[in-house]
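Structures incoming, each one as structure tokens.
The same chain A turns up in both complexes below, where it pairs with chain B and then with chain C.
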Partner chain A sequence: MAELVVSNLVKSFQNGARAVDDVSLDLPSGKWLTLLGPSGCGKSTTLNCIAGLETPESGTIRLGDRTLFDTARGGIPPEARDVGMVFQSYALWPHLTVARNIAFPLELRGIPARERKGRIADVANIVELGSMLERYPHELSGGQQQRVALARALVYEPKILLLDEPLSNLDAKLRERARAWLSALQRRLAVTTVYVTHDQTEALTMSDEIAVMSEGRIAQRGTPREIYGAPATPFVADFIGTSNFLNGTVLSRDRGSGTVRVADAEFRFVLPDGVGVGDDVLIAARPASLRVAARDDSSTIHGRILQRTYMGFRYEYLAEIAGAEVRIDGAEEIPDGVDTISVSLTPEECSLFRRDGHESKRAAR
Partner chain B sequence: MTSRPDIHGVKVEAPATGTGGVLPDLPHRRKKTPLADRAIDVFLLLFGFFMVLPLLLLIANAFKTPEEMLAWPPTLVPREPTISNFTSVLSSTPLLRWIFNSLAFALSSAIAISVTSAIAGYLMAKFPSRTMSVLFAVILATAIVPFEVYMIPLYFQAQALGILNSLPGLLLGYLVMSFGIFLIRQNVIHSIPDELLEAARIDGAGEIWIFVRVVVPLLRGALGALFVLAFFQAWTAFAWPIIVATTKESYTIEVGLALFQTGFTIDLGRLSAASALVLVPSVTIFIFLRRNLVQGVASTGLKE
Partner chain C sequence: MTDTDAGNASQAHRDVTRTRLATPLTQYGIVLLTVVLVVSPLLPILYQSFIAQPLYRDDLDFTLSNYARLFVSRAFYDILWVTFLFSAGIAVVSTAMGALMAVLTVRTDMPGRGWIGTIFTIPIYTSSLVLAFAWITVYGPGGYLTATWANVLGLPAWDLYGLWGMILIGSTAYAAIPYFYCTSALTMADPSHEQAAQICGAGRMRTLWRITLPLLRPALSYSLLINFVAGIETLSIPLILGEPRGVRTFSTFLYTEIGKTEPQYGLVACASMLVLVFMALLIMLQRRVLGDARRFVTVQGKAQAPKRLRLGPLRWPLATLCWIWVTVLVVLPLAGLLARSAVQVLTPYISPLTVLTWDNYVQIFEVDTYARSIWNSLLIAGVGGFFAACLSLGIVLVAERSDNPLRRPLRFLSLFPQAVPGVIVGVGLLWAFVLVPGLDIFRSTVIGLMIAFTMRYIPLAVGAIAPSLGAIGPELDRAARTSGATWIGTVRRILVPLVAPGFLGAYILLFLSFLREYTSAVFLYVPGTEVIGTTLLSLWVQGKSGPVAALAVIQIVLVTAVVLISRRLLGVKMYG
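Now for the complex of A and B:
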């Protein structure tokens, strides 16, 4: 197991656009880092650069005390990097049995047949596939295939495990189980893991740390709690969890906090540095931080209900407040025919950003 | 990643067990009357019979006396079966030698074409570059030049190389098949995702190792089909062998059979016997490789 340090990684597409733009990461030994972002954000490219499947233009990648890549000396080949990789499609060789699939990496590394057998049996037990060794990949379920791919990646005890959306091909129920299983396994083996996904739930539930990526850059880096609770940019707030964006104006500022007006209501917010009186701000509010209020007063925002959805244990309302469409959770049903709504807001559960041109576009949707 | 063929198992889910009988009954299907079924059977049987009739007549003729062969109506089962046609054809012509020549020619050609197509097709599918595109276009373009256009220059080349009347001479022009390269290239694109190769590269597999251990096994179906195709292309070749093989000893069977038809007579009895003998190896090979042929053609992606 080893520590991974990536600094100033740059990789361009063929058309010259930056796929990975100055990305730096460090991951302590045995920890789990998730690269999270929408498709095309550069997360898989970053992973492939670490694996050695793609060659970056510049930057350095170090694993433990070894340099896997640096600009001057170039990279060492994938097989010399001691990485185990699980592909999104699992990439199991369909013409080989499970045992032969797992044996492949060992054969290539010249490990004698007798030792191979023991190690295959061990790793098959770890991933709970002991009885499936003589089957072919097409005879296994999606979840089993995924475990074979994991076994193949783990069998030669790599220093780092790279996972590229390994759960995205499983159905919802299986994915939930696989999530818990995979994360327990990683903690047991204490293998340094880089995990790529676009699924925020996977990222939040499994990671020690998350790096949210957007357009080739890291938008925010932190623990799942930090990322969810204190998104650094509107993009992160929008991407992780559902966020409603409301426009506001700072009325007064008093040290770290101030009064912000949203439509016809006023709230007290903790203000970030650099936000002054008269500034336009963007408030990212989780559905749970907006509540349907019983009464109308100066701390509620007026709105109109556009759509109501029964979610089983709660209701979700799509409403228009302060010129923006928002999603609001409600424990109680608002009777049909009532289409105005008063919404209260909990400032402590919201994030506030200074508005610039880019973000106002997002808020205007 | 958008399309993932299920060859590497992505879409394969284990069917839920125990749900056997719960499927609703299929919508009522139009029932055919037994009579209509019978009529279709009879039609298909007749159709099949007429398809194999020429072959049956050929085999029957091989066992007939000259008089019976010319009798009208023709008989399907010889009245006085004789093997004199066979003994005569085997003693008066080097028929076995011709069959051997043809076998050697067809097998060598099929092997060469399979190997060259596999290598070239894989390279063109997985290592795209401008050079490869141009090369591929050129290879495809050669397919539209008829053989007759270049058979004479090719003959002079064979002569210059001193390989007339020999197996290498026959093989000239039968080592590479542009359609084969195309077939394998399409097959690789359709059925071998990059990740299967990258998974091997991560473990340090060299390119040759990947080709031999991963790519070729995955191309089994397509290569089998191509092998059969190439084999019969060479087995039935006529124009080139008759040009390049000028001594009786170096004939292929196709050329040899033509000898029974001279300008004035057709030696029907011996021609039939020889043809019947010739059927043996090709039918045998077809039976062994039939599965590959069907699978290969079905899996080439050309069906769409």
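Now for the complex of A and C:
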């Protein structure tokens, strides 16, 4: 196992767009880092640069005491990097049996047949595939194929394990099981792991560290708790599962906190540095922090109902509050004909950002 | 790390450094081979076009006078004009025929459409040389049906020789190409367009005209271009049907000029250069118009049964017309050829049964040169075709599945021979073999012919392999690379086994093409390296129409056998 250090990685494609734009990462030996971000943000490209499947323009990639790439000297080819990789499509070789698929990297490393056999059996046990070694890939279910791919990547004890959306081809139930199984396995083997996904649940439940990516850059880097609890930008807040954004204005500030007006109500918020009186702010509210108010008082926000949806045991309202559209859950039905809604807000569960054109536009859809 | 781990690591490291050289060596080897193959016929021609004397002489003067002379030569403009008329005629007529037949057989419920379509495409499996002989046997001035028509029935006869006959035979020979492209476009198109049109109240014919034909536009423009190029290239049809009437195209001009005792080498080279430039422009235009992807148009459809247009009362009349069409154009000439091969003379005045003979076949097998041409053809097709298929596979692998910096130029280069007519390949290689010391060995053995044929058909094989390689997900090789395999190792152990069916298909395609190829061979063969095509031509020149028919039938039988075997046993489908 080895520590991974990536610094100032840049990669653009012929069409000129920078797929990876100055990305730096460091990952201690044995830890799990997740690259999280929307489609096209450069996660796979970053991973492929680490694996040696893409050649960056500049930056350095170091694994343990070996430099895999640096701008001046170029990179060493993927076959010499000693990484294990699992692809989204699993990429099992269809003309080889499960055993031959797993044996392939061992054969390349000149490991004698006897030892090969033992190691294949071991790894097959670890991924619970013992009885399927003689099957061909197309004779396996999606979940089994995914485990073969994992076994193939682990069997030669690579210095690092790279996983590119390995669970996204599984159905929802299986994915949940595989999630638990995979992270338990990684903890047990203590293999340094970089995991790529666009699913925030996977990222939050499995990782030691998360790097949220946006347009080729790292938007925020931290533990799942930090990312979820204190998103650094509206983009991160949005992506990590906060669904509502409200507009507000800072009325007063003393030290770390201040009063913020949201529509016709006022709340006390913890204010980040650099937010002053009179600033417009964007409030990212988790689903649970916005509720249909039981009583109308000075701390309820009033909005206009745009649409109501009956969800079986609850109601969901789409409302307009101070120029932003929000979704609000309620247990009780607001009678037809009433087109205003009273909403309560829990400031402790919200994150607050200063509005500056660029970020707020994207977040406050 | 344990001791064995360290040992393995250093072993792996040694392997890596050893194989690290193997990968670039292989890749650049393939690139170099392709460059040599593609430019070796072209350079001597370029060179010759700028020197006054034949290029093998010692006293050479560089000059532009060749070009100057060519541009003021009246005869050259005549040749260009005839070549243009002939090629444009073939392109238009064959595309119209192919498209019409494709619509009728794929999109309508015409009875017998399967058989009609199959018979319609037979000419692409024979060579245009054989088709020309067959037509002359039946419709030529002394042909069986011409004689019946004119002398027995007393009706005015036609003249097959000349431009119109050339266009008709050429179109019959090449109509299968538009047919295949249109068939595949029609099979892949969504039949609901047509149903929608019919629901809107469009009549059947109107639907065909307004909805179905526009779907074919890309296939049509591609076919027009390919067959235009084919018209410029073809040697046999203008040679056999045009020369007797003084109708001379570029190919026949080259052929006759080189055949003279004192050929004007400079003129030949200049004319070739101009045609090359023109062809290259045409092909570039085609790329521009149709985009990159269409180069690899594969002739295969989705497994979707198209809803057929009901022809109603037109069913039987149309079917009858189509039967007459394929019978007149394909069945009768080939039947005539078969009959001619088995009799001493074929005329309406003598019952063929009284002159039945094996003599034509006996001659072919008893005369050494004739028999040898069959073995040579088989050898070139079997061995040369295999090497050509291997090289094509290598080209596709480097061009599509490597990070070699030259992969784009390589791809372009491998498709360039499309722009080089077979006669030019022949002349160019002949000069290259004469010019470069030590290359005589190629000239005196079949190896030279293998080289020429390989150069000619690389684009075809590349086009056949590329789609089947494309169907193999790139993650399969990426997975092998991260597992520790070099590029070579990945190719050998993952890609080659997976692409084997595509390779086999390309090999069979090359085998068939090599078996029929002769245009690039007419200048290159020497006594001992004859192939079927060159023997057919020389037999024809000697007026031995019986043995010509026999050898042509032998070629057809060989081709048919290969097609059937590969279809039945290996499940490989030619041309879709």
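Methods note: the second predicted complex is superposed on the first by the 335 of 365 C-alpha atoms of A that agree within 3 Å, B and C clash if a C-alpha of one lies under 4 Å from a C-alpha of the other, contacts with A are read in each partner's own complex, and residues count from 1 in each chain.
Here is the rule we go by: contacts are C-beta pairs under 8 Å (C-beta built on N, C-alpha and C of every residue); 3 or more make two chains touch, one makes a residue touch a chain.
Keep in mind the model is a prediction, meaning the values are calculated, not measured.
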| item | value |
| --- | --- |
| Joint occupancy of chain A by chain B and chain C, clash or fit | clash |
| Contacts of A:7 with chain B and chain C, given as first, second, both or neither | neither |
| Touched partner set for A:55, first chain B, second chain C, both or neither | second |
| Partner chain in contact with A:259 - chain B first, chain C second, else both or neither | neither |
| Chain B versus chain C as contact partner of A:80, first or second or both or neither | both |
| First, second, both or neither for A:111, with chain B first and chain C second | second |
| Which of chain B and chain C A:144 touches, first, second, both or neither | first |
| Chain B versus chain C as contact partner of A:71, first or second or both or neither | neither |
| First (chain B), second (chain C), both or neither touched by A:299 | neither |
| Footprint overlap on chain A, comparing chain B with chain C | 51-53, 77-80, 83-85, 87-89, 91-95, 104-105, 108-109, 152, 156 |
| Complex contacts: residues of chain C adjacent to chain A | 8, 11-13, 15-16, 20, 403, 473, 475-476, 478-486, 489, 493-494, 497-498 |
| Interfacial residue positions of chain A with respect to chain B in the complex | 51-53, 77-80, 83-85, 87-95, 104-105, 108-109, 137-138, 140-142, 144-145, 152, 156, 169, 171 |
| Touching residues (chain side chain A, partner chain C) in the complex | 48, 51-53, 55, 77-85, 87-89, 91-95, 104-105, 108-111, 149, 152-153, 156, 162 |
| Chain B residues within the chain A interface of the complex | 1, 4, 6-10, 12-14, 193, 195-196, 198-205, 209, 214, 217-218, 220 |
